[in-house]
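One structure is given below, encoded as structure tokens.
By letter and in written order, the chains are A, B, C and D; residue numbering begins at 1 in each of them.
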Amino acid sequence: MLTALFIVPLVAGVLALVVPRVVRRVLMPITGLVHVAIMVWAWIVRPPPELDGWIALDPVGQIFLSIASVLFLATSLYAAGYLAEEDPGWRDDIESPLPFINAPEAVFASCFLFFLASMTVVTLAQHFSLMWIAIEATTLATAPLLYFHRHKRSLEATWKYLVLCSVGIALALIGTFFIAVSGQTAGGHHIPLLLSELTRTGVMLEPTWLHTGFVFILVGYGTKMGLVPLHSWLPDAHSEAPSPVSALLSGALLNCACLGIWRTLQVYASAGQVGAARELLVGFGVMSVVVAAVFMVNQRDYKRLLAYSSVEHMGVIALGMGLGGPAAFAALLYAIHHSLVKSALFLLSGNILRVFKTKSAAEVRGALRTSPWTGGLWCAGMFAITGTPPFGLFPAKFAILQHAFAHGYVVIGIVCLLFFAIIFIGLTGTGLAMAQGEPPPALGGATRPQWLLVLPPAFLLTLSLVLGSYLPAPVHEVLTAAGATIEGAR
Amino acid sequence: MMIAMEPLPYLPLVLALLGAPMLRSVINRTKAWFAGRRGPPLLQPYRDLRKLLSKGAVYSRTTTWMFRMGPAVGLSTVIVAALLVPMATIAAPFAFVGDLFLFGYLLALGRLFTVLAALDTGSPFEGMGANREVYFSALTEPVLLLCLATLARQTDSLSLSRIYPAVGVFSWSDATPLLVLVAAAMLIVFLTENARIPVDDPTTHLELTMIHEVMVLDHGGPDLAFIEYTVALKLWVVGQLIVGIFVPATQLTLWGAMLADVVGLFVLAVLVGVVESTMARLRMPNVPQLLLGAGALAAMAWLLVLQVGS
Amino acid sequence: MILLVSGLVVMVLAGVAALGCRRIPRLAGTIAVSGVLSGSALALMGAFGALTGRAPARFTLSTAIASANALANDSGALAIDALGAFFLLVVLVVSSLAAIYGLGYLERNTRTGASWFFFNVLVASMAFVVVADDGFLFLIAWELAALSSYFLVVQHDERAEVRRAGWVYLVAAHVGAAFLVVFFVLLGQHAGSLRLVSLAGPLSNAAPLHVMFVCALIGFGTKAGLVPLHPWLVEAYPVAPSHVSAVLSGAMSKLGIYGLARVLTLLDPQEPWGWTLIFVGSSSTVLAILLALPQRDLKRSIAYSSAENLGIVAMAMGLGVFALTRGNQGLAVVALAGGLLHVANHAVFKTLLFLAAGALQKATGTLDIERLGGLLRRMPITGAVFLVGALAICALPPFNGFASEFILLVTAFDTAISIPFPVDLSGLIVVLALGLASGLALACFARLVGIVWLGEPRSDSASAACEVGFLMQAPMIVLAIACLAIGLGVPWMLSGLERPIAVLMNTSSDMVGGVLKRFSAASLRTVVSVGAVLFGTIVALAVVRKLMLRDREVSQHVTWGCGYTATSSRIQYTGSSFAEPITELFAPLIPHESRIRLPTGTLPEAAELEKHTLDPCEHWLYAPAFRTIRSGLGSLRWIQHGRIRLYVLYIIVTLLVLLAWNVG
Amino acid sequence: MNTVLFEIVLVVVMIADIALLGTSRIPACIRIVAAQGITLGLLPVVVDHAERPHIIALAAITVVLRGFGFPWLLSRSLRMLGVPREIHPPLGYAMSTVLGVVILGYCFWLGARFEVTGSGMTRLVLPVALATILIGLMITIVRRHALMQVIGYLALENGIYALGVGLSIEEQLIVELGVLLDVFVGVFVMGIALHHLHHEIERPDVDLLDELKH
């Protein structure tokens, strides 16, 4: 049944290439719905491993799978509305004099579905190679999505995304080799690259190879995850992609890369060598927060603003992973809420872009008046993403900071708080000004909301709000179990 | 300490109510003597008051009840303030911990109403006077508190009725410099509070240079009588705080001390007259400097007290 | 406790209902306000037990929040003791009155649904702050209050200055909360739990007490608006709708004091804290009132005076800390009583002033005092209550402001007399600061009353003003009566503070009660009787005056202009010139920017002088700091230069460095 | 396994790396990478005695793809782009060569830190593979021509392949498949992107793609 999780979108993706347009637009949400249904079913029955244990649902994977699944459902609904609003022919670009055209919608829909399939495999994969292949496949599936609007900027973004992520993924492959070798040298017999095997026999792994493997994987998947200074592609790609794609990239894809690092950390922890890895993660985390702050103050492009905010949040997640213990739990909680909120924000930014026809934050004014729903949700999202209660990022952030202080990372805690404040200033200063004030007179009065474009982000934000104040017991259990996997009991 | 029920403590109040206008006569006579004139008769202030009280009134159309309230509130505050000040060894009718603050704040209340009454007329001159009044009093208030704090620390007491008799005891043998400083600072406060030279000139005829007089330009009849009486009473009451420092009340008999107190007040009045005859009014921008100087004196006194105490 | 929680829930639900029927503004307002009133009534009934001395009550919300926060072991708990009940009373009374007023104030507005929703959430979350037993819940409620009040502040976001003010407020609130996060993190780490109310006892000396205190002071001081953390307040209070300004200043700023008070129960007071509080408090007191003086915007001036009054409370706490560390329990009781009483008093008269300013704004459409004047004739009730508020805030007897300042002055003198060097200096500082501040406050409010209410109107809108409706008058009248009632009923008020102070000092309420009783007997009762005598004298003199004038000729004429009869309203003294001499004297403390155009040439054109007072903290501290941060961050922007080749280089260099570090 | 042959192969790979850094004409670079690919295609055969048929098959595919498929694609793209050489390389050819040597040194230093047991590995595998990887990356940095980026990437993939085969990891099939997928994604998708790039910018210079920044 787990196999169905990725077979369904795969088949749907192929179908999307051939079916007529009306069916295609419905196909995406339906696939999302089926996917969510299977995902929920998996929460209830806890299915056993499949394909010789290469595919299984463990707590960490389950969390990331659920995120991807829910996000996909929301974004696919949005995408249906989005595609309906898109002008199919040549049209004027908002930032340059040259006109441009969209890529075929069929390509978009099928890549969108392939993207889901590949992400699903990432979350389910128990074998390092399979996971690597799946992450590679996400790159493959997303590149055409990025280049949906065929103009120079999106091409540039796609090019950078491709080159940098390919380099990253290649490094991750090297890391995977090194881990394989570390198992090979242990007393003449081979430890397969299955997660369960590696964690079971962790102590037998050869440390030097393991360390080096981790470094390669960290740099490799870290590139995909957007950790500073490996993040350079991220703001470009996230800001130039069509909004539903940005939402999925930021909300789900970064998590997949994060999962890659998490898996390696699991092996590391079982080998009892987790110390050095932690320092690296903490370092990357802090650097990401700091550098993201640099670009979030005075950021003129609001989609880039959101993209840098993703860099920051990935940094915080890395920090949480690095601190370990309850902070790992918090990091996972953080990842959940970040995904929900950031996707909602990207979707909303699409609405704003549609109304105001500009990505320059300075030219967007009075979104609350032109489109009250979008504007209101945008404000809520701004507060949610900066970790303001009652949204769920706050408890997670608090817990991570608490452990930073408790584990003696006092300076790091203070630096983080300082830069969180700077980020708050940068983000709200730009974001709230967009919602408030009088809109440019050319736009006219309030427009009726397009429900397909408003409900998905509203749903995601509500989910974050609810989970922020009430975390159901099963979720809590799974989170705890997942957090414990990088504990390094021995 | 409680509210006095027997008649004796109210005697100083009666004295004040009766004798206060006389202080103004003494000042005027002193100034007249310096100017080589004979000056008005000693009872002239009483006559003025009677005359004013028997007149009708003219009110500006701009004014409201605030203007009419001003003089009454001003007079009430000074009368009540007089109830807090001891005379000789007689404790004030209301004597309690912290009465010195109430004294200061009562004067402030009266001042506020005078100021508001002035502003109520909408006249630019009265506005100016009001402005100067609040400006200078903002600077005198901390000085007065500091002076009283010094005395309080010296006598380990927080009530005027305890401080003043005690000042008489220790006074001049062991704390002369301290008392001189306090007295000097308080003299400046006294002159400012009562709108005398060198801060204000009550006899000037140019509105632009006035402080207190310009504020009451529009008042007439009984209201003006209230104001004139308030001025006189304030001279008496605040003057007592200075005179009290010099009178060694506990060494004298009750009546002797009372007499000394009254005499002291008239000496003070003469002193004011001398100051007014020999000095010119300061330029307005220099007044704050004088007040800050008084503050410096008071601060010095405080430091001396600390030195002694520690 | 159930009553309390259900009261707060009622409030929030009413807010949601108001949001639901936002298309009918009048209905929305009515629902929301009745929610606030009934909720407050329920909550106060619930809290009554705590204030009158039964054991603190506890209530656990649910384990849901507990699980969201991985570590706090007793998350989600609410508890109330006497200290919390006192602040709850202040918060809810102020909010209820402001809500009634708001119903009249927002009468003709159309977009009130959201406004009422946020108002109710604000009130409920402030109440939650006070009853939160768990630091984590405290933070959530704290931030929620900040957030909802932010949306209230920016209600008129079409104006640029409102947006700016709102944003400054938001940033200040966030930065303040960040310090609180550090405080709570350290608390959790060293105390083992985040309990605030039902704690086991003060924290041991092993914890970094000083660091924690400084964090708490900055965090809570920002909310209270202590100098130099006040600039947000003077931006946000004036632009908010007036009933919101009243709640912000009357209730919300008190939460900062509540927080500080809690901190004193959680940590063992140390002597340096006394100095810090005295220093911060006295500089707040003097600087804020000095800055209140030259403001042209009426509400801005009142907002500055808010910082002044919270400074007074901080000084009271400072004296209390000194007395505690020196073991002088009696003095500590009196100091803290003065502080808490001033909290209540400030809530009363500052709410009153903001409400009256709002009425003024509604009647005239402006808050620029240079465009007002002569309003006492046109709005007699509002004018009278404003005067009462002004008298109270200038600490003039017999109003309530005097009562608390009097207690504080006595404490300061007592400190100066009875505690040895160098602590006695603190008493002197307090005396001087209070003396100077009360003189300046007098000047400030004489100016506000005189320029705004007296004289002749300075603009058409001012001369066309008329009195506001009953819904707006009633709360103001209640507050004005409260000013006088508290002033005259101080000894009885103090006995009500017995238990809160006992909680604050961690001692028995009998001891506290005894001290307060002695203090009342020694002076407060007499102060009250002097007040009564004063009142009687004034009435008597007024009657005498009336009788004298009864049969005489009383005529009306224009104001005496020293011979000049063609007076107009423009000839009046202006607010700016009223303030100028004093600001000039303190010029080194008050930066200003001026633009001057001198008359030149043979036929000179009109000359011009423009002078704006700036906030020193803003001008010398925050603006440069933010500029530095901004330019510092800006100088790193080259990192993202757009050259893909170098991006690859970043990856390689990272890899090589990590490899060398990890393997070598 | 034949150690001598193995080492000869590695040395050839190494020489190709340095040559790549020192060559300015892009067709020549394509040929060098192709040669490197073909040489590497022999590696599994050398290591594994060619006993398993699928190894042979994979080796054949590798040779065909790396030696002929990709070079053909690249040559076609080059013709389309129309600029056959690097213009104003950010780092000169002489300096690039020196850099290549430095990288080699670094990799040998690094390689010496690893404990090499297992079957079929010489001490040369790790440093040479790593050096190829790094030099491939270096080429993307010190060359501005868009095609050179792809070539650099191809060199990187060659290095990974060498590493995977040389370390003879248990799941050999996975390694081969992975590397193939990787190289496929890289070259094909980049090729498509190159095709579009040709329409958007006047010359194939990646430094012209700097509109998105900050």
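FYI, a residue touches a chain if its C-beta (ideal position, glycine included) is under 8 Å from a C-beta of that chain, and two chains touch if they have at least 3 such contacts.
Treat the numbers as computed from the prediction; the structure is a model and nothing was measured.
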Write down the chain pair with more C-beta contact pairs when A-C is set against C-D.
A-C
Per Cα centroids, the chain farthest from chain D
B
Mean-CA-position distance for chain C and chain A (Å):
43
Determine the centre-to-centre distance between chain C and chain D, using the mean Cα coordinates as centres, and give it in whole Å.
69
So, in whole Å, the Cα centroid of chain A is separated from that of chain B by 77
Using the average of all C-alpha atoms in each chain as its centre, how far is it in Å between chain B and chain C?
36
Going by the touch rule set out above, which residues of chain A reach two or more other chains?
159-160, 163, 167, 208, 212, 235, 295
For chain D, residues that touch 2 or more chains besides their own:
113-114, 137, 140, 149, 206, 209, 211-212, 214
Contact pairs between chains, per stated definition
A-C, A-D, B-C, C-D
Spell out the residues on chain D that touch chain C in their complex, using ranges where they run on.
90, 106, 109-110, 113-114, 134, 137-138, 140-144, 149, 206-207, 209-214
Could you pull out which chain D residues touch chain A in their complex?
113-115, 117-118, 133, 137, 140, 149, 153, 156-157, 160, 163-164, 167, 169-171, 174-175, 177-179, 181-182, 185-186, 189-190, 193, 196-197, 200-201, 206, 209, 211-212, 214
Chain A-touching residues of chain C, taken from the complex the two chains share:
62, 64-65, 67-71, 136, 139-140, 143-144, 147, 154, 157-158, 160, 163, 166-167, 170-171, 174-175, 178, 181-182, 185-186, 188-189, 629-630, 633-634, 636-637, 639-640, 644, 647-648, 650-651, 653-655, 658-659, 662-663
Please output the residues of chain A touching chain C within their complex, sorted ascending.
159-160, 163-164, 167-168, 171, 208, 211-212, 214-216, 218-219, 223, 229-230, 232-233, 235, 276, 280, 291, 293-295, 297-298, 326, 329-330, 333, 366, 368, 383, 386, 388-390, 392, 394-395, 398-399, 401-402, 405-406, 413-414, 417, 420-422, 424-425, 428-429, 432-433, 436-438, 467-471, 473, 476
If we count contacts the way the header does, which residues on chain C are in touch with chain B in the complex?
373-374, 376-377, 387, 391, 394-397, 402, 405-406, 409-410, 413-414, 416-417, 420-421, 424-425, 428, 431-432, 434-436, 438-440, 442-443, 445-447, 449-451, 453-456, 519, 522-523, 526-527, 529-530, 533-534, 537-538, 540-542, 545, 548-549, 552-562, 567, 569, 571-573, 577-578, 581-582, 585
